[in-house]
Amino acid sequence: METPKGDSQKNYRSSGDLLTNRQAKKDDTVIKVKGIEIGGRDIIIIAGPCAVENKEQLLETAKIVSSGGANILRGGAYKPRTSPYSFQGLGEEGLKYLSEARKLTGLPVVTEVMDTRQMELVCKYTDIIQIGSRSMHNFPLLKEAGKCRKPVLFKRGLMATVDEYLLAAEYILSEGNDQVILCERGIRTFETSTRHTLDLSAIPILKRRTHLPVIVDPSHGTGHSWLVPAMAKAAIAAGADGIMVEVHYKPLEALSDGPQSIYPNDFVQLVKDIEKIARAVGRKIYRHNLSLT
Amino acid sequence: METPKGDSQKNYRSSGDLLTNRQAKKDDTVIKVKGIEIGGRDIIIIAGPCAVENKEQLLETAKIVSSGGANILRGGAYKPRTSPYSFQGLGEEGLKYLSEARKLTGLPVVTEVMDTRQMELVCKYTDIIQIGSRSMHNFPLLKEAGKCRKPVLFKRGLMATVDEYLLAAEYILSEGNDQVILCERGIRTFETSTRHTLDLSAIPILKRRTHLPVIVDPSHGTGHSWLVPAMAKAAIAAGADGIMVEVHYKPLEALSDGPQSIYPNDFVQLVKDIEKIARAVGRKIYRHNLSLT
Amino acid sequence: METPKGDSQKNYRSSGDLLTNRQAKKDDTVIKVKGIEIGGRDIIIIAGPCAVENKEQLLETAKIVSSGGANILRGGAYKPRTSPYSFQGLGEEGLKYLSEARKLTGLPVVTEVMDTRQMELVCKYTDIIQIGSRSMHNFPLLKEAGKCRKPVLFKRGLMATVDEYLLAAEYILSEGNDQVILCERGIRTFETSTRHTLDLSAIPILKRRTHLPVIVDPSHGTGHSWLVPAMAKAAIAAGADGIMVEVHYKPLEALSDGPQSIYPNDFVQLVKDIEKIARAVGRKIYRHNLSLT
Amino acid sequence: METPKGDSQKNYRSSGDLLTNRQAKKDDTVIKVKGIEIGGRDIIIIAGPCAVENKEQLLETAKIVSSGGANILRGGAYKPRTSPYSFQGLGEEGLKYLSEARKLTGLPVVTEVMDTRQMELVCKYTDIIQIGSRSMHNFPLLKEAGKCRKPVLFKRGLMATVDEYLLAAEYILSEGNDQVILCERGIRTFETSTRHTLDLSAIPILKRRTHLPVIVDPSHGTGHSWLVPAMAKAAIAAGADGIMVEVHYKPLEALSDGPQSIYPNDFVQLVKDIEKIARAVGRKIYRHNLSLT
């Protein structure tokens, strides 16, 4: 077997040769999902509950975010939880509810995969595969995502530099899948008044260094629902191609991430406020049905 | 001598009793400097060179930022530099040039003080006293700033939590000076693609917890001039009452912070872009002379 | 389906009920591997190359560390690499060389597993399963490790608090495997003169809060071979039950982690120096064959 | 006025030219204070209360640490406190008690100075001037310390890289005072189970890069008295020239830092344990009176 020479510092291609690099591909990558364009001129809104908890919760929340202006529905069937004794997600049952929600609302869905063995199953049900921040360095999982035919929403690890994040994305692209949506979701710092520190400067840096779409998750990035609107607006002002927010029809009863989930009414207001910022930077929120505007 | 009891955890007032706390004073503190209101409905722009390097540099840059839409002129006469062999500022000579620049443009000036022994001198020349991030925990200096009659632009330390920052501001207020402008300017994290990580979530947190004006310095917060426009817009979208940016008439020749100083033309464009964001959040940039708009 | 109530904060057992907690099991867990006791009175030395690169490199290094005083041989067959274009390990071929090295030296071996699908294969070849820092939050992998019958060397994530680390270990124990060796290997901080910051205070904290053995990896923890001896000694002085160090017979030619691998001669000296520190804290290095001492 | 050219990156001497650098001075700097050598073959123990609270507390604690084996007495007369409402120190009264304690025990004293205006007064009373971590970037204060004739115990800032720390020390040396004792006392990280993260790898790094003595403060570095012994031993094992610990005759009544102060009995045991580690690395604790050993 022939093995490459040199250590980690010397051993990868020069950054200009990386598939994620803008020098390798000048034009923005625009990802199409059921007619929606991610990374194009319009910005997109992904919304939904942290976890799929039961059929009613998902379908109710799906209807709310759909009529409120979301373009894509989020919801976790497999949940990475800090404690093994926390709710771990409904698994395939959750995936089935997501399918129902898609049928009901017409919204494409995004859901997380955590295990290489789940990849095939999750791919069958979802429109976009999510790889969460705790899995950013799960290289076998990245390779599997690279082999599948679905777009990948790939979150930055909470401990990852921008360099490491892009090299991890390279694992997906190097397997032949360039449909990767980057997502800033907060990094770990010494500050304790937020759950994480949302690193919005990563937006212009990623947009300059790569051709991939960049969105922001202010729900995980702050950990407090009352901070979500300000940071969502800031993200769009800084050049993000979209946001992903957690909305729950009854946040106080959420099995996961209740404190950072916003109320349905607040979501409706948030979309209106984001539209204003989008206009101020020469963009608008993507609309399936223009009559809604 | 009577000494208080208990350790640091127990020994300070409950947070609701702190002078900086919004519970202690519900209304926003609006600071007036030569007719400009900081922390009111309008947002303000502070601009100028990092350091006062010589008369020509300061006056030229002052004219540029004044005509470009700045409300207040910044410039350092005393510079805290990492190395003792770097340019340390012009001292009183620099303060005199700032006075000339004020006369020339009509803009009030803000400049940093680093030493309790300089306080009286700096106060004589400046409209706003700046206390820099490296001095955030210089308690004797904070007390002196609290005793003087000038507004204080008080920067967050790059290692300070929001809690520590507000307790440090309390040192100024507890001496009788409540004219304090808070300023987020980046915190230290593991990320290396920026000089610091601009913590924009601190804006809504500070606005909720205190009645003091909150501005943002995207120049120090990022360390790269090309990141300044995106982060300045994001700051206003997140609710900041103003921004402070470094502008140099010849950035490549700057004695300090050249890489993060923007060009005059970029400043003009930045003000226009900020105005759009300000409108999107129901505000506008303060204008001395309304005919300029 | 019955689902648990409450969010992540409320949803796990009280810390005293956790299987990792010393309140749940007062006596130290002592793990036996081919007659070696880990977490007992003696301290243990794990040494070997970062990656298994070829048969000669592994066998030569194995002989060196064995005669130098190592108790367990390390070597990676599957390597988590920041870039997809870096050497990724030899896979099963590497596992076979590890078997040969074990036969040659009599030392038990430890090697990393990264993918749930590899667990069965790796278990077949290795004496101790390693879960690396990048996989600390790979919950499906932790559950698989919990189901297997081999001891697990479980490294702390480079951005994980002690609390999160112990909750992640709980995933392994809650599946029925309490043979878990904890390993501090450096956390990510702002400091750039080391690769990571070795958090030695985690040793007494972990020893107090849990009954599990705690070892330290000063090679990854510092990233510089010349720092390894000082930090290895400090680890033992602070109460660690052992150390794991990277040794390469030709560090300059290493395919991975060359800069942090020590030379064979330095390893021999290191073991002697550690023995002195061990004696100063009332312990000694475990010896298979006492005639070696 | 002639001003230097270039920005902060270019403007300081090459590191080999820095006065702190070992290339500039190959031999270790050994600082003599009343016959004690700091940075020589023997290690030294600095102990005492965080703050001088009253005469009895200081004199009682001084007697305890003196008979327990301390070489130098510490105690703060001016205290940098996070909140303005916490105990701020006794000021000159505290300095007088320190003089009394020195007379009583024969131990030299070290105390902190926070304000350029206090420098002359503090110098008059103390044997070693301490500059605390919050003042590490107080450049005017560093320059004043550089002008005085007393040794300076100079603590690392809690968010300072080793590079920044050495450049700050350079401010003292460049004014003509090379009697500088470096002190690692914990850096700020995301970890919350300790007050700070004691960065022991800084010891070998500083010893390699500079000729100055390096000590460690495990009391501030951990924030918990029960962690002090383990980390003090680790510091000596890693090559530190001494340690500084907080001892209080009644920790539960301490006005400052009670939770990290150790009991008199624990101090006596700690000195014995440190002696063993010192011997294991070929050193010993400095003894005024050899009959004590």
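The letters A, B, C and D name the chains in turn, as written, and every chain counts its residues from 1.
As a working rule, a contact is a pair of C-beta atoms (placed from the backbone, for glycine too) under 8 Å apart; a residue touches a chain by one contact, two chains touch by 3 or more.
Everything numeric in this text was worked out from a predicted model, so none of it was measured.
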| field | Chain labels contacting chain B and also chain D | value | A, C
| query | Looking at C-alpha means, what's the farthest chain from chain A? | reply | D
| request: Decide which interface, A-C or B-C, involves more C-beta pairs in contact, and give its chain pair. | output: A-C
| said: I'd like the angle of the rotation relating chain A and chain D after CA superposition, in degrees, nearest 5. | reply: 180
| request: Please compute the C-alpha centroid of chain B, do the same for chain C, then give the distance between them in whole Å. | output: 48
| field | Whole-Å gap separating chain A and chain B, where each centre is the average of the chain's CA atoms | value | 35
| Rounded Å distance between chain A and chain C, as computed from the means of their C-alpha atoms | 33
| Touching two or more other chains - residue numbers and ranges from chain C | 159, 188-190, 192
| request: Answer with line, ring, star, complete or other to describe the graph linking chains that touch. | output: complete
| chain A residues within the chain D interface of the complex | 188-190, 192
| message | Could you list, by residue number, the parts of chain C that touch chain A in their complex? | response | 1, 3-9, 11-13, 53-54, 80-87, 90, 93, 114-118, 134-135, 137-141, 143, 157-159, 164, 167-168, 170-171, 174, 188, 254-259
| said: For a test of understanding, state which residues of chain C touch chain D in their complex under the given definition. | reply: 159, 161-163, 187, 189-194, 197-205, 208, 221-222, 226-227, 230-231, 233-239, 273, 276-277, 279-281
